[in-house]
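Two complexes are shown next, each including chain A; its partner changes from chain B in the first to chain C in the second.
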Partner chain A sequence: MSDQGIKSKPTYGKIAGDKAARYQLLLVEGAEIPAEVLAEGVDPSAFETWTVAHASALPAAPMMDEAPGTVRPFRSASHMFSALEERLDRETMGLRFYAVGAEPFLWDAFNIASAAGLSQQEMQFAHVGPKARRIYCVHCRTLMDGVTTSIVTCTGCGAPLFVRDHFSKRLASYMGVQVDAEAPGEVPAAEELYK
Partner chain B sequence: MNAGTLSVRVREITELAPTLKRFSFEPAHGGEFPTAPAGGHVMLTLRDGDKVMKNAYSLVSAPGQRARYEIIVRKVSQSRGGSAFLHSKVAPGDVLDMAMPGSLFSLASTAKKHLLIGGGIGITPMLSFLAELKSRGGRCEMHQLSSLDEAPVFERLLAPFSDDAEIAIHTGGRAAFDLAGLLARQPLGTHVYVCGPHSLMDAVVSTAAALGWPKGKVHKESFGAAAGGLPFKAILKRSGIEVEVKENETLLEAIEAAGVAASCLCRGGACGECATAVVDGELDHRDDFLSDEEKAAGKLVMLCVSRARGPRLVLDL
Partner chain C sequence: MTVQFKPAETFRDMFNFKKSPEDILRFPFPFPEDEYMYSVNIEPHVKGGPTAAFQAAFDIDEHYIAECRERERVLKEDPKRCQVLPHMATAEWDTLELIMESLASDYPEHFSLSKAGDVWTWVNRPLGIHQTFTFGKAETLPYGPFEYITRQVQGDFTLQDQRDDMLYVDGGMVTTQADWSFEFNIGMSFMEWHGPVPVAHEAGVFERALKYLMRLQYGQPVRRLNWTMTINPRLDTSPENYPVWGPDRTTVTPENVGDKVHLRVELQTLFRLPRSNAILFGIRCYLAPLNDLVKVPKWRRRLHRVLRGLRPELAEYKGMTRYRQTAVDYLAALDDGAPTSKGIAPEIDKLEG
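Up next, the complex of A and B:
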């Protein structure tokens, strides 16, 4: 039941870096780079790294240098993404962009980088953290974060939704489709699948 | 031939420079041409007595222009005959066979900016790109390398686009053209397109790679790769014939002259249409289609540009 055979379900690797890059920027949804996301032999001091502290108390003089080996903490992912848009807007060709975190974080980062003109050849993603899904209700367009079950009730329209593996990069979410559309009221029991 | 053939009448020939002529064609039987892709090319069949030549040329007319197709042809001193024939023997009113336009060099629809680099006659596909980008409103920068005496010609050809694109013509030679500086200052999402001498295209590819450009954002138009080489014998196993390939002709031309219709499209080592299985013989690969691994394996050859490295080559043809 966990593999629905749908090709749009993303797969992830490790951050291998790119020796051909002019400059490498790594975003981490957390305070530190988890060791297991780096491919063998990759030295993170080759990257400029941005982290999410999930805290309002940042160092008094936060590191603002733009150079390989520097680590710049942000209060939150939203704080980081707003700085990212501004940064990519003045970047030049030769940049490689990497992101490490849970799926909604990775694909939000992907969409910002794509809008700035980066192609998939210039990006790498590693998935760590919870497997909880962001779900898009295809009926009422409500987005729900943190879904861990095979069936979820839409917070927008109340429909019982089947959580598909069908993934939209643009929406950075999996599709939720009304599970009892054919036989109203026949809703299978929800299973805890995505933790 | 994998596509249909058009019958075209030469409507007008304009001399742009001593070695440059623009040919304007119209459909010989009236009506309109198919819409050509931006950066597309056509293949003309030229008959000079018994000699049949097939040459590919980039279209310079705007892609939406369906009443006329236009090409610009340079008369080359070491020409294998096609361009010299067009320059000296083709006149307005003549009817020629032309293969349907093909495209191996296209604009990336996701690009944030297009950087065009032309060297000499390599300006031709860029003129079609510029026309397309003008109508689409795409952000664009064009650099044309030129000899001093031809600069006014290229300036006139580029003038219609000067309101919509940053255009620069460089006459100081390659050494004075700051390619690395140009590529280094491009914003994210730029695609670069180059057409011109191989040395220029190689310089753009290697300089871009050194600056960290991904391969997918570097595009080159590879025509005119087919210089000659040592003569050799090609044995066409299935046809049961032997073909002598002379030093100034290509394998494809020799095979066509022997009456065997080999499939082909770009005749410049770019499209892969003429890929042919090799039974025996060492190869001198000169195409841009096969990967390094495929070239090393030696199982396939591009008839239009590649040759034998030894005295004989056995083909499954």
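Up next, the complex of A and C:
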């Protein structure tokens, strides 16, 4: 059950950096860069780093220098993403883009960077933090965050959904499919799998 | 012989669907041998072939009008079954040109295309369409060019962009699919959208197919057959509507198995497009109930042997677990054990019975 053998399930490595980069921007879903996400010999002072403080009283820092070694904190991931589009619009060829965090954070960042014209070869992702999943109900298109179980009830249409390993980067979500569609009421017990 | 269209057919609710004897004999039966396993099985998409379904670039049969109407209904219910990402605009016009030119050349009695510079006139007699438009100017058509033309052809279509040594599914018209979600898959790489298929990844099928397809040449389209089974002649077996059609799988009995269980075949075609360098992927769906297929002696023997020997993980993936044994039992009684010849041709000109 824990490995469904579906190849669209993303795999992750460490942030290795890129010596050929003109400039490197790292997003972290947390206040600090977790040491374990960096490949051996990678010095984070080579990156401009954006972090998430998860705190509302943070002063905005509009005059922050954009330079290797600077660290810019944001109140939340949403706060960070709201500034990211504008930041990437001003970038040119040679940027390398890295993100560290939980899965929905990584693929939200991926989608913003893709829309700004970066290709996947110009990005690196490291997965840390909770394994909880964002689920897309294939029947009614509701998105649900923080799903930790093999079966979850859709908050949109009420269907008991089996959480598949089939992953859409565009939706930053795994697919949920009604588990008792053929025989209504035949719902297996949910298992805690994604913590 | 001119095909008789059957506009009153339906692929849902009461399932008013019936194949003529000619339509049964032209079915693209998918099993060249008594055993089935995944393979790349790609061949040139040239006219001719083992049944009449292979005689045109885009096959039109007696279900044409009814299938176009079914597509219209699905799009009304769920407009996102047709989407094209913005960078694929050139591929949209490539598709329109390819389909219009092919239909006009293969079926001059039904379709015609005339061009005065960029001003084209398209006539579709079965659907009663007469449209003058400017090629390259989307505002001169009632829909985007890809949606416009794929509303007038049977079967699903996707558009593949080729970049970074990979194919991406960046557009499509998907209303008659075998249980895959276009809204979920749009934007995926070739490897990601085939992610759920069991066994074939380990066999290296997708690596080989991808390499082959990335070298696909303009003017040299290719094809392959794929198959599954569907209960009732239902075209829209999307995951979106799985709660609607899923219960059908519990309704198969020894008495109704021949009418209810349909072999669902996809004639998959791939065309390199000239301006965009994208690939148009056609997924043309054919349905036939077991009762029709058993009228061909070779097909009834072979279908029995294939289903009997199908690997359990493939049967599970194809959703056949609940009714497979009932279908095998029904076919077993009709298999006299005689050897079968290789290939898919029916090898008869008239049906039995």
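Methods note: the second predicted complex is superposed on the first by the 190 of 195 C-alpha atoms of A that agree within 3 Å, B and C clash if a C-alpha of one lies under 4 Å from a C-alpha of the other, contacts with A are read in each partner's own complex, and residues count from 1 in each chain.
Keep in mind that, in the parts below, a contact is a pair of C-beta atoms (placed from the backbone, for glycine too) under 8 Å apart; a residue touches a chain by one contact, two chains touch by 3 or more.
Note that the coordinates shown come from a computational prediction; the quantities given were computed from them, not determined experimentally.
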So, A:Ser119: does it touch chain B (first), chain C (second), both, or neither? both
Looking at A:Thr11, would you say it contacts chain B, chain C, both, or neither? Reply first, second, both or neither. neither
Could you tell me if A:Tyr23 is touching chain B, chain C, both of them or neither one (first, second, both, neither)? first
Looking at the overlay, what does A:Ser56 touch: chain B (first), chain C (second), both, or neither? neither
Under the stated touch criterion, name the partner, chain B or chain C, that contacts more residues in chain A. C
Residues of chain A that sit at the chain B interface in one complex and at the chain C interface in the other, please. 119, 121
Given the complex with chain A, which residues does chain B contribute to the contact? 110-113, 183-190, 208-209, 211-217
Contacting residues of chain C [partner chain A, same complex]: 163-164, 181, 183-188, 191-196, 198, 201, 239-243, 246-247, 249-250, 322
Please give the residue numbers of chain A that touch chain C in the complex, ascending. 5-9, 119-121, 136, 138-139, 141, 159, 164-171, 175, 177-178, 181-184
Of chain A, residues touching chain B in the complex: 18, 20-23, 88, 91-96, 116-119, 121-122
